[in-house]
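Look for subunit A in each of the two complexes below; its partner is subunit B in the first and subunit C in the second.
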Partner chain A sequence: MSEDRQKTRDGEVEEFAEEQASLWRITLSPLAWAAHFVICYGLVALSCAKGLPVESVRQGLIVFSVVVLALIGWIGWRAWRQWDVRETGDYLNQQGKAEDRHRFLGHAAFLLSIISFIGVVFVSLPLLLLEGCG
Partner chain B sequence: MSRDRDQKPVMPRPSGTFPPSEAMLAEPVPDEVQRVQQERLRKAWATPKGWRYWSAVNNSEVGVWYSTTALFFMLAAGVMALLIRLQLAVPENDLIPADRFNQLFTMHGSAMMFLFAVPMFEAISIIILPALLGARDMPFPRLSAFGYWSFLIGGVFVIGSILFDAAPNSGWFMYPPLATKAEGVGSDIWLLGLSFIEIASIAAAVELIVGTLKCRPPGMRVNIMPLYAWYVMVVGGMILFAFPPLIAGDFLFELERSFDWPFFDPERGGDPMLWQHLFWIFGHPEVYIVFLPSIAIAAMIIPTVARRPIVGYSWIVLSAVGTGFLSFGLWVHHMFTTGLPSISLGFFSAASEAVVIPTGIQLFAFLATLMIGRVTMTLPMLWIAGALAVFTMGGLTGVMLAMAPFDFQAHDSYFVVAHLHYTLFGGMIFPVIAGVYYFYPFIRKKKLSERLGRWSFWLIFVGFNVTFLPMHLTGLKGMPRRIYTYPEGIGWDWLNMISTIGAFVIAAGFAVFVWDLFRPKRGQGQVARNPWQAGTLEWSHEIPEEAWGVRSIPHVTSRYPLWDQPQIVERMDAGRYYLPDAEEGKRETLITSVIDAEPLQVQRVTGPAWITHAAAIFTGGTFIFPTFHVYPPAIVCGVLAVACILYWLWTSTARPPEADSKDVGLGLRLPTYASGPASAGWWAMWITMLGDATAFASVIFGFFFYWTARPDFPPDGAAHAEPLLVAIAAGAMAASWALTLWARGANRRGAVSLARGALVAAPLLAGVGGIGLIGSVWTLEPTSHVYPAILWALAIWVVVHTGVGVIMQVYCLAGSIFGKMTPRYDADIWNVSLFWHFHVLSAVVACAVMGFAPGVL
Partner chain C sequence: MGARSGEYGSLRRVDGIGAPFFVLGLPLFLSACSGRQSALDVAGEDAAAISLLFWVMFGAACLLWVAMNGLFFFLSRIRPGQFPDRYVQPLLIGGGILLPTVLLAALLVWGLGLLPDQRAPGDGLRIKVTGEQWWWRVEYWPEGAEAPVVTANEIRMPVGERVEFLLGADKVIHSFWIPALGGKMDMFPGRETRVSLRAERTGVFRGQCAEFCGASHAWMAFETVVMEPDTFDAWLEAEAGDALMPVEGAATRGAALFLSQGCGACHTIRGTEAVGQVGPDLTHVGGRLSLGAGRMGVSTAGFTRWIGHTEALKPEVQMPSYDFLSTEELDDLAQYLVGLK
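Up next is the complex of A and B:
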């Protein structure tokens, strides 16, 4: 990465054009975790309070957890592609260039997907291990 | 200059060269030009002299006042802790009566959390953030000043109550029914005084977020901004989502205290658990709101002492963002003993364990940096090392407490007191003091004493462990927290005595530290400009001090510009970079794009003012009078506060500029005005409304919480909101919103009179909506049951916001008539329509809940 790939205003490389949305994009996986968390907590609380069939809610939520995990996995995979470390060999992305910024956001989103994945696994454990409203 | 009603305005866009070439940067600036420019800049940014000094709004002044005030509150809360320890030193002590004791620990906890920990973060950030970003100032200096004066008034009011034996006494989390039923004005002081401060905190958070997003120097893309800025963004975001639920809780709580609306009274359908939820949805993230900024300080100090870039920049960003999210999934671990379903407890226990991962990653990244680098044990580093040691210990006991069965045992015992102080000292006190030692040469242009610094470190470190280590044992031996005395001979005596002695050793350490801060340092001479040889932009500051922030705003291409861009400081000083001049004698800073920091606009920033003081005083009155249940003066104050704020906005924000665009140096020309998403004001509105929407969502949560938790919600045969009026209200609000939006388009097209017409009709419709909504609940009796009470609360919430929306519409109308708002200069109506997007959404949701609830539930 020695040659200067700093873009100029006119010679913008399409791929690295300013990604207005990309700061939000790195929060997609954590948002998926948050949604999963709220739905699990809300549904269990609701069914315990209102006497709904907890057992089927629990099973439904386990399926739901798998879906969320798949979603996060997919987001993570895309982020991995964007980081593209195997191609560039650059783990740090520390230069003030459009390309580095692009890869960095991929890297951050990838790492956040991992942590969100673990988070969802953790939160799903009680669904597997505990039963009933107790 | 064109202030006439120009048809079809052409918006100027940035033009010229960016990024600058090396040849452009190498070109010298003639000495004479430099001198003249300096002269003009100095004049524009001059700090007022004499008594006028207090009208300053510059971030360097406001930040210093802010942090000194927070330090003062901290010391006051520390004195209360000493009194607590004195009382507990020996069994059956009668130094302090029980009620006083309750006031003391409540105030100690509340002041430490609300008047010290959060404001301190904001204060330090206000001081250093602009410098880190090579900006001249924060984007809205008067807002910082307003926030500070509000904080001062509110803080003195809250903490002063202890001198009048009138302080709150139900513990810092104010559980009902204890706190709702408490005699005297203590609870009201807590609720209203702290709500006032929370609002000021949110204002500061909004400003800090906008500062990091929009005021970075050209070229500083998100992947090279200082880690501190990442943390500011994350913590600001957390404040935005954590404080509003508490404010919503305060709102309901105060309605119960003042008007006997039974939100937390089980006999009339209320539920104290709702408060616990709302409080801890705030309270746990609060722990991280306190902790992450300290990590941010460490992330600035560690690369400097290790003399190398931080290891794992992306990993640290990940953990900051990850912690920010996960910390919202923990709140129920404070409620493990309240009898919730076990699966629910499981979720929170699991999330509490998961949050350890990102926290751990940050610590490992720091350790790795230190191990690879060549560390010099400077004073700041000593404090950081102490922080790591203490925090790790607190983390361990935290993991223990996160396991629900252990918590059942240790809950509400001195074990918890020990745990929370280990995390707070390790995660806040030590790093913040490290930061003070590190940044002092930047802030005061003097150095603190090496010898005194080591003394105070060892005193505080040893004293801390002597105080709090034994408390683990005291707790396991069964001593509950919040008791004012205990009988002899159950094995608690000597443990408590040791803790008390330790507390005084801590106090001695603080005395040394504070003396070092404030002792005169005349003989010291000037400090070196970059005494730690750090790599980040704040160390390009000028000595002797200049009020302009930076002489010229640099083009940044590296994470550590002072290390990697060899001539950067020299060129900044020479005015080689952007905005080296103030031709019009006005204060200005650069606005850049969010991701890549491309220069977009030159923003005028506001100068010294007294209107902020008036606004803060009247806002204070609006909150303070109701604590004593006197409402007419409160209403007068409210009206005056609104008037002050309107005057301030009208005279100093989004004014049409003299020229459409201006030359900012290095061959670049930028517009001087922006509206909509390109402007900083629009972002501020967006972010504020996000917080506001969170508060509203919390009230809605309350509604559904009652529905799940209570069999009698709504009670049989209850009267409901009048459906027809609810429908009319929803329709009128939607129409008012549509007209506002339409007015924005019409104005832009140059159809000014049509836009004005719409802006006359819109507030009228909004008024109809507001009246309709109040009418729909008019016959319900809010004191009789929680169901009518919450319908009333929803209606009040929406109607108050409608009032704000109407003022905004009229403000735009006036702007259009008096030439402040034109087809080209239309930032005001962009911001107002943004407000209305949020408002119409919440109005429709509220109407749906009120109107459909009877049928569906």
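Up next is the complex of A and C:
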């Protein structure tokens, strides 16, 4: 996958194999968001129901949130480079060629990373603003 | 509504088909803002925080509505034609992503910031409320108390003090809500939730169950009486005492009927043989402002109606209708109960 920026134009077959990875990659940010959501809600509910130390759980989840945000940031950065709009000046990549598919998937992954980042921030806010089980 | 009729005078010139509806609807709409069960007719610190949030959101929503429709009007009627390309990107990113994200984040932080206050520790008095189908079991725990003062279907609290409510439920989920004083809080069987309220002015405010809990959910309400601290203390002391003994004929006959008809299997009247726990404590039922958890006012006629037609007044209620009792018997019971101040 490291040859993202390498403009391989020598054969659809090779390119397509790489595109499968890229196709999978666009789901990474939303997956991280979903996992973060489930883990936060699940753990807090569990520790409140079972009387576990919710304060340590809260602090742990704050650290976890920062890690997830960094992960999404990194995925987003990679996607931004794959889109490479500054270099190519092509926003939409409508040509249907292998390179366009490649760049378009970068574009999609980049936008999905933005929304996932915002989602994770929103899910994390209660961790910062609320304490205890209520 | 009458007092507000002046408010639509200036709106008469609104044109179009919506105008009559608007003009007729507005006073109705506004009249809903005041009253003893309105979150906008604020009587407590917590309700004030919520209504400020509401008005800011409402104002912002109006602004947004005017801005969007203004823009639409401008682009479709005043300056139709091609929208300059260079504005597209900033408008999409600024108006479509940045602005909503920032606004929603700000509202989220504000809203979440209100929550800890709604659970702030109280000044001493704790009131334990249990949601039953379809009434409220109430226990007062003043600071340092070892046993509670048990009553039902009414909340009294001192003005200016933060009172902590410990909430629970019997069989199904209910929700405790006094809109004029603060936000609502769900009540769960087997789990204690908390909400704390600080009333800022005396008065009578209506509370209502805010979570569907069965056939008579809509009839599950209560009165909240906010009193001066002295008056409250005196009231609580009286409430802690046993029931008054009936003195004259009808009420004495009523007291005997109460026991012979088996009412005491479900109801407690302290100082008598009635110690039932199924239904509300009736020790001071005559001193309440409402009967049947907000179903109607307290009066002799009210008691007769309640005892004789319970199931008609509250669908699926657990108390049987005593429609087989004679009018005289019902009246005796009513005389007895109304005297339990």
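A few points about this structure:
Criterion: the second predicted complex is superposed on the first by the 116 of 134 C-alpha atoms of A that agree within 3 Å, B and C clash if a C-alpha of one lies under 4 Å from a C-alpha of the other, contacts with A are read in each partner's own complex, and residues count from 1 in each chain.
The working rule: a contact is a pair of C-beta atoms (placed from the backbone, for glycine too) under 8 Å apart; a residue touches a chain by one contact, two chains touch by 3 or more.
Here the structure is a predicted model, which means the values were calculated and not measured.
After overlaying the two complexes on the shared chain, residue contacts for A:Ile26 are found with subunit B alone; subunit C is out of touch. Looking at the shared chain after the overlay, A:Ala34 reaches subunit B, while subunit C stays out of its contact range.
One of subunit B and subunit C touches more residues of subunit A, and that partner is B. Contact with subunit B, but none with subunit C, is seen for A:Arg58 once the two complexes are overlaid on the shared chain. After overlaying the two complexes on the shared chain, residue contacts for A:Arg78 are found with neither subunit B nor subunit C. When both complexes are aligned on chain A by C-alpha atoms, subunit A residues 118, 122, 125-126, 129-132, 134 touch subunit B in the first and subunit C in the second.
Subunit B contributes residues 17-19, 219-224, 309, 313-315, 317-319, 321-322, 325-326, 328-329, 340-351, 353-354, 357-358, 556-559, 593-596, 598, 708-709 to its touches with subunit A in the complex. Contact residues of subunit A toward subunit B in the complex are 6, 8-9, 18-20, 22-23, 26-27, 30-31, 33-34, 37, 40-41, 44-46, 48-50, 58, 92-96, 98, 100-101, 104-105, 107-108, 111-112, 115-116, 118-119, 122-123, 125-127, 129-134. Those residues of subunit A whose C-beta lies close enough to touch subunit C in the complex are 114, 118, 121-122, 125-126, 129-132, 134. Those residues of subunit C that touch subunit A in the shared complex are 97, 101, 104-105, 108-109, 112-113, 115-116, 119, 193-194.
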